[in-house]
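You will see subunit A twice below: alongside subunit B first, and alongside subunit C after that.
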Partner chain A sequence: MAKIELNGVRKTFDQTAILKGIDLTIEDGEFIALIGPSGCGKSTLLRIIAGLEPQSSGEVRIDGVQVDGVRPSARNLAMVFQSYALYPHLSVFDNIAVPLRMRRHSALARMPLIGRLHPERGRTERGIREDVERVAAQLELAALLKRKPGQLSGGQRQRVAVGRAIVRQPVGFLFDEPLSNLDAKLRVHMRAELAQLHRQLKATFVYVTHDQAEAMTMSSRIAVMIEGNIVQIGTPAEVYENPRDIRVAEFVGSPKINAMPGVIREDRGLEVLGRQLRLNTTAAAGRCTVCVRPERMELGPGPGAIAGIVTHLEHLGAEAFIHVKVDRIDLPLLARVSPDQQLPEIGSAIQLGFSASAVRAFDATGKRIDVTAPARSERVREKALG
Partner chain B sequence: MTPRHRSIVWSFTRHSLLLCGAAFILLPFLWMISTASKPQTEIFTKSIHFIPHSFALWDNFATAFGKANLWRFLVNGVVVTVSIFLLQVLIALPAAYALAKLRFAGREVLFALVLFCILIPPQATAIPVFLLFHKLGILDSYAALIVPFTISAFGIFLMRQFFKTVPDDLIEAARMDGISEFGIVWRVMLPTAIPALTAFGIFSVVAHWNDYFWPLIVLNSEHLRTPPLGVASFRNEEAGTNYGPLMAAAIVIIAPLVVAFLLAQRRFIEGITLTGIK
Partner chain C sequence: MVAPAFTLMCLLLLGPLLGVIALSFTDYQLGSPQFSWIGLANYQDMFGDRVFWLSLRNTLTYVAIVVPAAVALGLAVALLIESGGSLRTWYRTIYFLPVMATLIAMSIVWEFMLHPQFGLINGLLHGIGFEGFSWLQDRRTALYALCVIGIWQALGFNMVLFLAGLVSIPRQLYDAAEIDGAHGAWARFRLVTWPMLGPTTVFVVVITGIRSFQVFDTVHVLTKGGPSKSSEVLIHTMYVESFEFFRSGYGAALTVVFLVFVLLLTLIKSALANRGVHYA
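Moving on to the complex of A and B:
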């Protein structure tokens, strides 16, 4: 089992900075998800941990040992690739056996033809067979051992790739978007299986994905990467509820968080769309952005409610989203509502509000600013607007 | 004209054009078989006839095998072409892998040089190579027939283009599994490249089995002759060329190629379909 530490890891490709100084400590046995929009450098970071790509500067430590310049196979990490990367000419059994054969056989015993004459080979090969069959049984692949990867479904291939990773009992696992080639239903199923596998193996998992649902459901911590930096690290709930940066707020959560232009007044009061909020801040006066999650938006009139026109309705069965066009904002505001209530007509006028506790405010540079409700407010659940 | 008529006319023209093309290519072969089946007296006649009046194919084969050591020529041909192909693969695969998948300074320049080498005709280097082999004292040997062709720029180019299409993930998975770079070439790249290798094999074997120019220059000994040189030994300027046995010998030496091509063609097409599905 392994603790993985990254200190000031930078990577540049032809003068383009991909990673701009990553500091990250991944605890032993942790399931950490690296998420971020495509091109944010998360896959590059994973490949640097794996040793497939050298970093431009900074260091990687595994269990306290610096591994720069150590070959990928010697780092004792296993990786599961997005495309599974199974050897197309080998059977499932041989695919899973490759890492064991490369480790346990001597170079001579691996030679084609003459390797068979090697005295140790038979005994080692029996050990390999036992291990492969144990892993195959664990992943329900026992019936497929003789097939070639071309004859397997996407989910089965994925399991073979996992099998090849776990068979040699590495200290850590690296996953590079392993579920993105599966259909939606299978993805949900594999999500549960991977989380189960983590509980079973108790090894360190580093999981790269752009799918926040995967990150939220499986990981113990999420690291949000944007433009080559880790912007926030925390538990899924923390990252969702308490984004430290507007880019995190906008990336995490689907549909996207509602962002409204606001102003911090000289008297520390907060205004949004020209309406005063019953919130104070310690931040300096100036422009800011006020964000509210769609599920925290409330329909109906109230003091200071925002008026708009319904432009689109999305009825998803268990929930419904109402898109509301509001003056002075380009993107429509979204409200998530329960579908049992009467949904408004498209084109009809509607009013939106939200409570003070739903507000997440960010300054002009995108950093989170703390807001507090004035002490005089004593109502349990008070409208922020009004 | 209705569209139906038009399609019939077009189909007719198309097929006649194809038939003309096929006839143009197949006629020399038919003529070879026909001549090989005729006795000497029937070959030079005023009228053209394909079917011989008296069937002399077996006699001509017997004469051909009696007059020259055809088996020896065939064995020479196999030794030379197979050695050339194996050595070409041994050199082209690692080179192509490096050019396609490894990052190093000067890679593009090296690849441009490989492309440039394809442009050099073998005749241009024939005399320098001949002089070099003379100095080394290896003229008139199997080595002289094989060594000049072991590095195939075309082979490197072809395999490099194919390796470009192999996903990087596969190579990185192999590295994670602990396979060395040379191991990747032989254990991972070679098996995925079988279709491209088959195509290259066809080009290589056909070219060197049929090569007349280079063996003619470097060989003196009769026992080293490759099949095309062997056939040429039937030409006799004083006594007149004996065409019946010559054509029979020609049939014998092209037969392995035709059979090999028909067998390989199936794999070849299978290979192309396989890569298409991927």
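Moving on to the complex of A and C:
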């Protein structure tokens, strides 16, 4: 099992900085998800850990050993690719057997034709057969061993790719968006299977995805990468509830968090859309952004409520989203409501509010600022507005 | 509607083909006002003719040398260019030049190079202390000299086809091979490159095979089949019989034999293609 440490890893392609100094410690047996918008460098980071790409500076350690210059296969990490990267000319059995054959047979025994005469070959080949069949049984591939990848469905190919990764019992697994080529239903299913596989193998999993649902549901920790930096690392709940940066707040959570322009006044009070909030902050006066998750938006009138017009309704069965256009904000505000209640008509006027505890405020540079309710207000659920 | 395609096929392919086959059963001579059906007499003539067997053997020798060499060298050059750096486009253009140049003109250049007295090749051989040959005038070397020109000419085309095949191999397969422990160029080639080039290779072999069967221009310009028929090939015999001796019927019979070989090659190709050399 492996602990993976990254210290000041940088990567530059033709003067474009892709990774700008990544420090990350992945504990032994941990399931960590690297998420971020496309182009943030998460796949590059994974390839550097795998050894497929050299870093420009910084170091990678696996179990305390620096692995610069160590070949990918010698790092004893397995990787599952987005396209699965199965060898199309080999059967499922042979695909899974490739890493074992490469390791256990000598170069001579792998030679075409003459390799068959090698004395050790038969015995090694029997060992390989046993291991491949054990993994195939574990992944329910036993009936498909003779097929070629072209004859398999997406989910089955995915399983073969996982089989090829686990058969040599590596210390860690690297997943590069492994579910993004599957249809939505299968993705949910494979999510559960991968999480179960992690519990079973107790190996270190590093999982790159741009799909936050995958990250939230499977991983024990999430590292959010934006523009070549890890902006925040934490448990899924922590990252969701307590984003340290507005980019994290906006990337994590679907639909996106509501962002409203605000002002920090000289007397430390907080204003949003010209309305005063019953919140104080220690941050310096200036412009800020006040964010509230859609599920924390509350409908209905009240003092200081934000008035808007319903522009769109999304009824998803278990929940419904109301899009509300508000003056001075380009994007509509979203409110998540239970579909049991009467949904407003499109075009009708509506009022929105939120409680003080729902507010996540960020300063002009996007950093999180702490807000506190004044001492006199003791009810946690007291509304900040309305 | 199949009619337009079928009409065109009849007009352009099947019609002339049937015409040639019919002609091979006649004693028609180019320009003569009449002809008569003589059955299989042309074929009897042909199978009894030493020149036919000689030219068939030479053609097969030519194919057997040119196809493996041009395919292997084309692949080697493509792999070298693909792994190379900045001069890639430059190399690609140079190797492709023989394909674009007119072979007749190039044959004349080769004739100079192979000239016994003041040719470049013999000059070089003299320089390192070897006795040169009269390459094209010597019955021991004429056919092989033509083979070298054939390889030189086919190489660039094969290289371009292999380059296209190499480009279409997904990069992630090489990553996977690296992770799986396929170290070194040979292991990568065996595990990924060679199998993934399967469809391209079949195509290249068949195309080179058919083009080698059709060898004519170099023979006609450089040796005219000589000396003493040592470089006589099928199409050249066909040309001489039909257009120099005006024995069109006999020439047609030779054409039919030639077509049978090309058809065989095509059948081999489609059999291989159906056997799953193509990957889904």
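Basically, the second predicted complex is superposed on the first by the 384 of 386 C-alpha atoms of A that agree within 3 Å, B and C clash if a C-alpha of one lies under 4 Å from a C-alpha of the other, contacts with A are read in each partner's own complex, and residues count from 1 in each chain.
The rule is simple: contacts are C-beta pairs under 8 Å (C-beta built on N, C-alpha and C of every residue); 3 or more make two chains touch, one makes a residue touch a chain.
Since the structure is predicted, the reported quantities are computational estimates derived from the model, not experimental observations.
Enquirer: Could you look at A:S180 and tell me whether it touches subunit B, subunit C, both or neither (first, second, both, neither)?
Expert: After superposing on A, A:S180 lies clear of both subunit B and subunit C.
Enquirer: Once the shared chain is lined up, is A:S153 touching subunit B (first), subunit C (second), both, or neither of them?
Expert: neither
Enquirer: Pick out the shared contact residues on subunit A: the ones touching subunit B in one complex and subunit C in the other.
Expert: 47, 50, 52, 71-73, 77-79, 81-83, 85-89, 98-99, 102-103, 150, 164
Enquirer: Write out the stretch or stretches of subunit A touching subunit C in their complex.
Expert: 47, 50-52, 71-73, 77-79, 81-83, 85-90, 98-99, 102-103, 107, 110, 112, 148, 150-151, 164
Enquirer: Where on subunit C is subunit A touching in the complex?
Expert: 170, 172-173, 175-183, 187, 190-192, 195-196, 198, 276, 279-280
Enquirer: In their complex, what parts of subunit A are in touch with subunit B?
Expert: For subunit A paired with subunit B, touching residues are 47, 50, 52, 71-74, 77-79, 81-89, 98-99, 102-103, 150, 164.
Enquirer: For subunit B, which residues count as touching subunit A in their complex?
Expert: Listed in rising order, the residues of subunit B that touch subunit A are 167, 169-170, 172-179, 188, 191-192, 277-278.
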